[in-house]
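Going by the order they are written in, the chains are A, B, C and D; count residues from 1 in each one.
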Amino acid sequence: MSKVRTLEDAVALIPDGATLMIGGFMAVGSPLRLIDELVRQRKRDLTIIANDTARPGQGIGKLIVEKLAARVVASHIGLNPETQKQMIAGDLQVELVPQGTLAERIRAGGFGLGGVLTPTGVGTVVEEGKRTVEIDGRTFLLELPLKADFALINAKRADYLGNLEYALTARNFNPIMAMAAETVIAEAQDIVPVGVIPPDAVVTPNVVVDLLVAKERRHG
Amino acid sequence: MDEKTLIAKRVALELRDGNLVNLGIGLPTLVARYLPAGVNVFFQSENGIVGMQALPEEGMEDDDLTDAGGGPIGAVPGACAFDSAMSFGLIRGGHLDVTVLGGLQVDQEGKLANWMVPGKMVPGMGGAMDLVSGARRVIVAMQHSAKGESKILKRCTLPLTSARPVSLVVTDLAVIEPTPGGLLLRETAPGVTVAQVLANTAADLIVPDDVPVMPITA
Amino acid sequence: MDEKTLIAKRVALELRDGNLVNLGIGLPTLVARYLPAGVNVFFQSENGIVGMQALPEEGMEDDDLTDAGGGPIGAVPGACAFDSAMSFGLIRGGHLDVTVLGGLQVDQEGKLANWMVPGKMVPGMGGAMDLVSGARRVIVAMQHSAKGESKILKRCTLPLTSARPVSLVVTDLAVIEPTPGGLLLRETAPGVTVAQVLANTAADLIVPDDVPVMPITA
Amino acid sequence: MSKVRTLEDAVALIPDGATLMIGGFMAVGSPLRLIDELVRQRKRDLTIIANDTARPGQGIGKLIVEKLAARVVASHIGLNPETQKQMIAGDLQVELVPQGTLAERIRAGGFGLGGVLTPTGVGTVVEEGKRTVEIDGRTFLLELPLKADFALINAKRADYLGNLEYALTARNFNPIMAMAAETVIAEAQDIVPVGVIPPDAVVTPNVVVDLLVAKERRHG
């Protein structure tokens, strides 16, 4: 049962209105081919869960500029004035989440935990509307898990089974997002035969990856 | 020496050999240039690496190795990479010895506001809230005043970054330590008098009899 | 065919191509031997690997590659290793398609007790509670009776492993599916009558008009 | 500032009555030299947090047989009859924790989280005496973080700085324990120069490792 799909077929599975987790940090480690194909197929009303919205012409920033997102959950939008403009105009709903909390909420979604108890945000506007829990005299915010319909993942290498390996700071949110979505679509810079990536180097196990985007044909 | 260099040099004196340090963007980044002799620290970039360093020279960029602003960086031998959950585990779990951050305002209790100006600038808090809540020591590196107004106030008018007080505030005029009793004036900048610091500070300061000058040389 | 083989063969028919499967120690381990043709699954060992397989032959042991009992195993090409938090993330997060576990008792609501006998056997729950709470499908593989007493009861007398009902119970006499309405008799073992199943079951069973025989051949 | 210590000096730092996290799973991935040295130096009244107590003559099992432990927090003690015997006799206090919960409690301790919200154990004896939290109509147990005075870690390879790499199922609890203790002492099968372990292969960052046990001299 091969997981390999063309870029076009993989993205065609994503309906308008879907909730997407998209890996990357300022576009580094973002699945750039998948993002471009989302734009080409004009998927609309997307909810995007990601660390940031990059810059306007870059990575996730393209989805913002093309007005394909209805909602963004992110820790930082400061380098994309378009995100702020749409937010202030009321065209785009933005939920800002502290970066460490965002990471743990995504992880909780993928790891079957009921939520996250974090000291971050206590006594700030982030606390508004949230439950707090007292533990040993300290106050923690109860932050809820995040899940998505699709996770779009960028890896340095994948093997034919979908085992994924990442490179340096391009790892960032990719491994935790790959655990937290109904359907996980991965694009990889290299695709190698099974066995090439040793077991200890695999960061995302093949069993959570549903689809692998085929490389573009360079010959013929 | 310009004001930013002064601040960066003074902050650098707070770092200890072997520390894990996270520097915010802007002024705090300069601190890396002024490490005292014999002090070797590891710099974390919260996007997923311990052991970042400046890019050695142009043409050596790796697309997969960047700082939290997306700019290319280098890495020291012995660097290690990890995901965002681990990166903030290091921060929130008390493994990060020092974070140096810019500030918009600091209040009388040592609480910092540095992530938004309602109606004007809503960039998102990024990692700032986790850094201020989790690092062992939080050092604010900022100009003492902006547009003639003190950034050290009785009470922050901007939304707080954390309810936890910071450890130290280093400005172009002074070194100030938030204590349970209030803001303690620890040092003045070279050529700056205590009276000047007081005149430029909107919060109350505790002034000891002896306030030394920052041990900074050109 | 002995009873354990029968149970293992029947459970194996529940596995689907591409499934991630965790087999408990003892009887469940046998299931790996009877995968239907064309069905390739990945076996997880909760001590930290996906892609475990039996050791190909003696003399090939790796001290760093064992099953949850500490016994040497092999690994398929494409196996991957991880820490205990990740291993249970796979289990608790719903990524594990099937777990097959032994049982001491199953009650009328499908709840399983399989981890302790107060005053006699207190081994600890190990991964059992997480497996039963988290796996998409929980299959209990056990003898129908022990020492002449039914292990399928109106109510477990032993401490529960989870408040969540299991998905299927496969014994040497029958296949039973816990449903919201009660325990549904799905199949009988070859040569076993419905009456025999009923006589050996202390819980109420819902018996459809037609109860097929397990599709097991020698 | 070298982290390297002799086995004897490293263990000498551990006082009687200390709380120790000890990596390993049925002794696989356990720091066997450190355990033997704990026995040799007869450290007493230890609290041991570990997945299991192995078998009587093996790994952590030795600490039990030598009656050096006053308290054990573990998920499984079934293969060490000595643990059960001391527990039943009242000589050893044992807290049994579901394995996935144990992993998350240790991780929460090291990651600065207030606790863990898990569905595991709800409606069982594990729930007794614990708070539950309702989230979206589901019930979760609030399990508290675990921390230790010392974590004793086994790694496949360490570099001179203390970056650690693990092998296959010997990884298990080691990486999360290395985050959750005041002082982390690591022993490694191999110790290699800085730079030999590439950044993406490091699982435990050097900055959390306090001491590295020197290899035994083979020559001279």
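For the reader, a short list of remarks on this structure follows.
The working rule: a contact is a pair of C-beta atoms (placed from the backbone, for glycine too) under 8 Å apart; a residue touches a chain by one contact, two chains touch by 3 or more.
As the structure is a computational prediction, the values presented were derived from the model and not from experiment.
Among the other chains, C has the CA centre that is most remote from the centre of subunit B.
Our note on geometry: subunit A versus subunit B, Cα centroid distance of 29 Å, whole angstroms.
In whole angstrom, the spacing between the mean C-alpha positions of subunit A and subunit C is 35. The set of subunit A residues that touch two or more partner chains comprises 104, 107, 111-113, 118-119, 166-168, 171, 199-200. Counting partners per residue, subunit C has 49, 75, 81-82, 85, 88, 91-92, 134 as the residues that reach two or more other chains. Annotation, chain-chain contacts: A-B, A-C, A-D, B-D, C-D (touch as defined at the top). Interface of subunit A with subunit B (complex): residues 25-29, 51-52, 54-55, 74-79, 84, 87, 96, 98-104, 106-107, 118-126, 156, 166-176, 203. Subunit A contributes residues 104, 108, 111-119, 133, 135-136, 138, 140, 142, 144, 165-168, 171, 199-201 to its touches with subunit D in the complex. Remark: subunit A residues 1, 107, 109-113, 159-161, 163, 179-180, 194-195, 199-200, 202, 205-208 touch subunit C in the complex.
Taken together, the subunit C residues at the contact with subunit D in this complex read 45-49, 62-70, 75, 81-85, 87-88, 91-92, 121-130, 133-134, 159-164. Every residue of subunit C that touches subunit A in the complex is listed here, in rising order: 17-18, 20, 42, 49-51, 75, 77-82, 85, 88-95, 134.
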